[in-house]
Amino acid sequence: MIIIIQCKDQIGLVADISQILSEAKLNIVSMREHVDKAESMFFMRLDVDGYSDEGVLTESMRRILPEGALIHVNPVSEKRIVVLVTKEYHCLADILVRNNFGTLGATVVGVIGNHDILQKICDRFDIPFSLISYTDVSGDPEQEMIDKINSYSPDYVILAKFMRILSPRFVASFADRIINIHHSFLPAFAGANPYRQAFERGVKLIGATAHFVTNDLDEGPIIAQQIIPVNHSFTAADMVKSGKEIETAVLAKAMRLVLSDRVFVYKNKTVVFDN
Amino acid sequence: MIIIIQCKDQIGLVADISQILSEAKLNIVSMREHVDKAESMFFMRLDVDGYSDEGVLTESMRRILPEGALIHVNPVSEKRIVVLVTKEYHCLADILVRNNFGTLGATVVGVIGNHDILQKICDRFDIPFSLISYTDVSGDPEQEMIDKINSYSPDYVILAKFMRILSPRFVASFADRIINIHHSFLPAFAGANPYRQAFERGVKLIGATAHFVTNDLDEGPIIAQQIIPVNHSFTAADMVKSGKEIETAVLAKAMRLVLSDRVFVYKNKTVVFDN
Amino acid sequence: MIIIIQCKDQIGLVADISQILSEAKLNIVSMREHVDKAESMFFMRLDVDGYSDEGVLTESMRRILPEGALIHVNPVSEKRIVVLVTKEYHCLADILVRNNFGTLGATVVGVIGNHDILQKICDRFDIPFSLISYTDVSGDPEQEMIDKINSYSPDYVILAKFMRILSPRFVASFADRIINIHHSFLPAFAGANPYRQAFERGVKLIGATAHFVTNDLDEGPIIAQQIIPVNHSFTAADMVKSGKEIETAVLAKAMRLVLSDRVFVYKNKTVVFDN
Amino acid sequence: MIIIIQCKDQIGLVADISQILSEAKLNIVSMREHVDKAESMFFMRLDVDGYSDEGVLTESMRRILPEGALIHVNPVSEKRIVVLVTKEYHCLADILVRNNFGTLGATVVGVIGNHDILQKICDRFDIPFSLISYTDVSGDPEQEMIDKINSYSPDYVILAKFMRILSPRFVASFADRIINIHHSFLPAFAGANPYRQAFERGVKLIGATAHFVTNDLDEGPIIAQQIIPVNHSFTAADMVKSGKEIETAVLAKAMRLVLSDRVFVYKNKTVVFDN
């Protein structure tokens, strides 16, 4: 069983929590704990051996935890995700492959694109693809997209190189459940054309950042980041090409972490309990 | 207070330990815990706020822990180290600088060399240097070295590019307390001239490994490792030069980890609770 | 145009070569050059703007180069590759995706497996898959495989986690044209079960190595290597899982380098002219 | 001999240059070349065996190169550097150690601090230290510093964690010869307190950047950058501590590159011919 706890810190929390587990004959395989002293917040992820009724366990926990505590006992293990794309295939294909072989830690229930270029790769994997174009200005494509996503009841919405800015209405519809991959090591080069910006600045490394989406563009809580070295011989196009490799890797890592309930969000930051 | 525990695993350990802390009014700032399921071993490092008598706390712990448990409450915070060197300055100088500015996490009580080349840098930092040459075959330089080291009563002996193989007698004299830096990513290129071996093999990365010394050459428990990329343009001499940078960095990291009581040794492996 | 030269070194080579290009009105966009002084060998890769008859240019070059020189003017730009697999999907799927989107720098003309597990993913991408089982001991599956590969006339044979040892007969059939991905940072952990070996040794980093295949198991010229950090919390199974990510990345990188004529092989080493 | 060339690009440059070398009986050991096609600029670094009169060679080169070309034949091999510091020791001590053992590729002719804290470490290495305080507002400490630096006739001025902003007057006095280490992966977190900014933003990696100083704060041409991973358990103080390690490493790397004439500056970017 996996148990997730996030609450105000107080003395004796670990003792009280582990007492409950001990009484329930649950053996702790792995306990990850973090206290943010400045914010006086407590974060814990438990991996325990044995079985106990989830409702009873949650209730026991609630009795000893401070008011307002978040407790999840055995969060949904097989999440549902919807993937939003534009034209670039690399992140989507990586997700479809992992989904196909059962190693994604989630099920891709649908893909939505604002272009039809990636329809075909979805077909190859028997995943439904919906085209919602933004070129017809008479309609409300974003609302259409919100409705379509809602029809899938997903746990998370993955922006796999979806190249449009989302409105507050969209973000609010899936608060804390939208993950984006941005092609720079944020906060450097937020916004459009980060590789062009990186090329112009003459940096010696380029990066990618996976983060939760908020209403502040590219300002949401960071989940994972990675960089690769570049040099003067890289054109902006070379950076785009090399960058795709880490975009794919970083988004895959962020999804692995979020989908295995290893990421806590608090005050625009994340606590990540990786290996 | 720092509390270190290593023992056979059993159900309820975390509950029992945290109960003791709670009763002693000690608040857990950071709890790092690892269970090696295959070996059924339990490792824990606690950083707690508050104060409790060390002897009383150790005794309370011992009552609830399995027989044979290792418990250290507030291990010596300022360790004493002796550094052994031959001719290369980079690791020694880094240690002397950190020692000079009080950021080593230990005190260098003496340096012993089998050549006198590094006498001068020790003089610059007012650290005693002893020359024990291995060229005079009539004496027993290793016993002389053991005696000299013992006269310093060090917690750890650091081999900062000490280029001689140690006898079982030497290793036994300072069991589990000798740290070596080897200039390869072990187990690749154990033994002599690892950079020459790396050059001959045509590897695309070279590394450095800090490990505890056992009687099996370069086979002791690994504490830290790091690599840097190389390419066809590197001669063996270029590899030596670039390699020195990571030798220095890896040994510094390993010392930081060991000297802050973050490294547990078990069955020729280490458990390392880093940030 | 791309021009590749490998020959004994001699004074004035660059002057003579660039003189020929200048006379042919070819402008050098990028010139990469390496001299192995110990072996007195000269390696060059030229990327030039303009056009000149390939045969004439080759002939001009041959006149000024030492005897035995290798010269390739405009090597086949779209290579043909055959991929050999067993059960693991990650490297194959990555190759199929890149092939599908035209970014592999080669065409996958066929996949051969000694198990049928990966038939389906090949079907999804309309790539022919052949099952050649090794379990029926009455036949000669390796000869069957050689014949099948030859029927495709490939430029390269990619071992994308093909878990069988190849005989000298096989290696000789495709000398210098077989690329393997080995799941360790060679020369550490050659042979079977490298992650198990890595786990037992307690290393703090694991790696992957792409290399040309020779008759000495895991001893061929290394093309690319990469590592990721691990720690005590990784089981051997965790290492397998994390390792797959870099196996995929390293094989992709090695293929990109070889397929764009950036890799020279000499004396069991490679010269790699990457960005 | 080392030969450095920077000029407008034109057809036949490599042929003409290598022809001159060939006639002078100079054998090319290593030729590094870069063409910036967008800017139509040509950069070359030659390492040649043999000897030829420097003046004659320069003159021959000038005849075949476009007007305005920069040519350096055998640039000063042992540069003179002045180091500016405030209170932090790590970069300075690293420089002093390398200087002491003759591996810096330059001679430290003087250290200037705006605090006296680092006087003592300079004394240990017999390097002159000058205190020029900024606290006495009646004087003109910056002019004093310019005069002091000029008295040393240095090739480069190294800002080894000098924590004051330099005026245009200062920058103009040593144009293209001031190297700074900034404690972030620029352009992220320019200005004051980058680690605090990094902590607040919740990044998963922190970095350091060595760059030439211009009048735009932290906007000059980047020479080298590096990052290390961090996580939620790092306080801002932990980031400062970990960051020092890469600040030292990146500044050392940038100095090695610049001092061995491997760095070209053009349009606020660098071309770096490293191994």
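We call the chains A, B, C and D, going by the order they appear; numbering starts again at 1 in every chain.
We take it that contacts are C-beta pairs under 8 Å (C-beta built on N, C-alpha and C of every residue); 3 or more make two chains touch, one makes a residue touch a chain.
These numbers were taken from a predicted model, which means no experiment stands behind them.
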In terms of touching chains, how many steps apart are subunit B and subunit D, taking the shortest path? 1
Higher number of C-beta pairs in contact (B-C or C-D) found for B-C
Cα-centroid distance, subunit B relative to subunit C, in whole angstrom: 40
Could you grab the centroid distance between subunit C and subunit D? Build each centroid from C-alpha atoms only and quote it in angstrom. 38
Using the touch rule from the top of the page, what residues of subunit B touch 2 or more other chains? 30, 34, 231, 233
Pairwise touch network: line, ring, star, complete, or other: complete
Any idea which subunit C residues touch subunit B in the complex? 34, 36, 185-189, 201-205, 207, 221-227, 231-233, 268-272, 274
Across the complex, what residues on subunit D touch subunit B? 30, 89-90, 93-94, 97, 100-101, 121, 124-125, 230-231, 233-234, 238, 242, 245, 249, 252, 275
Interface residues, subunit A side, partner subunit B - complex: 11-16, 18-19, 21-22, 25, 27-31, 33-35, 37
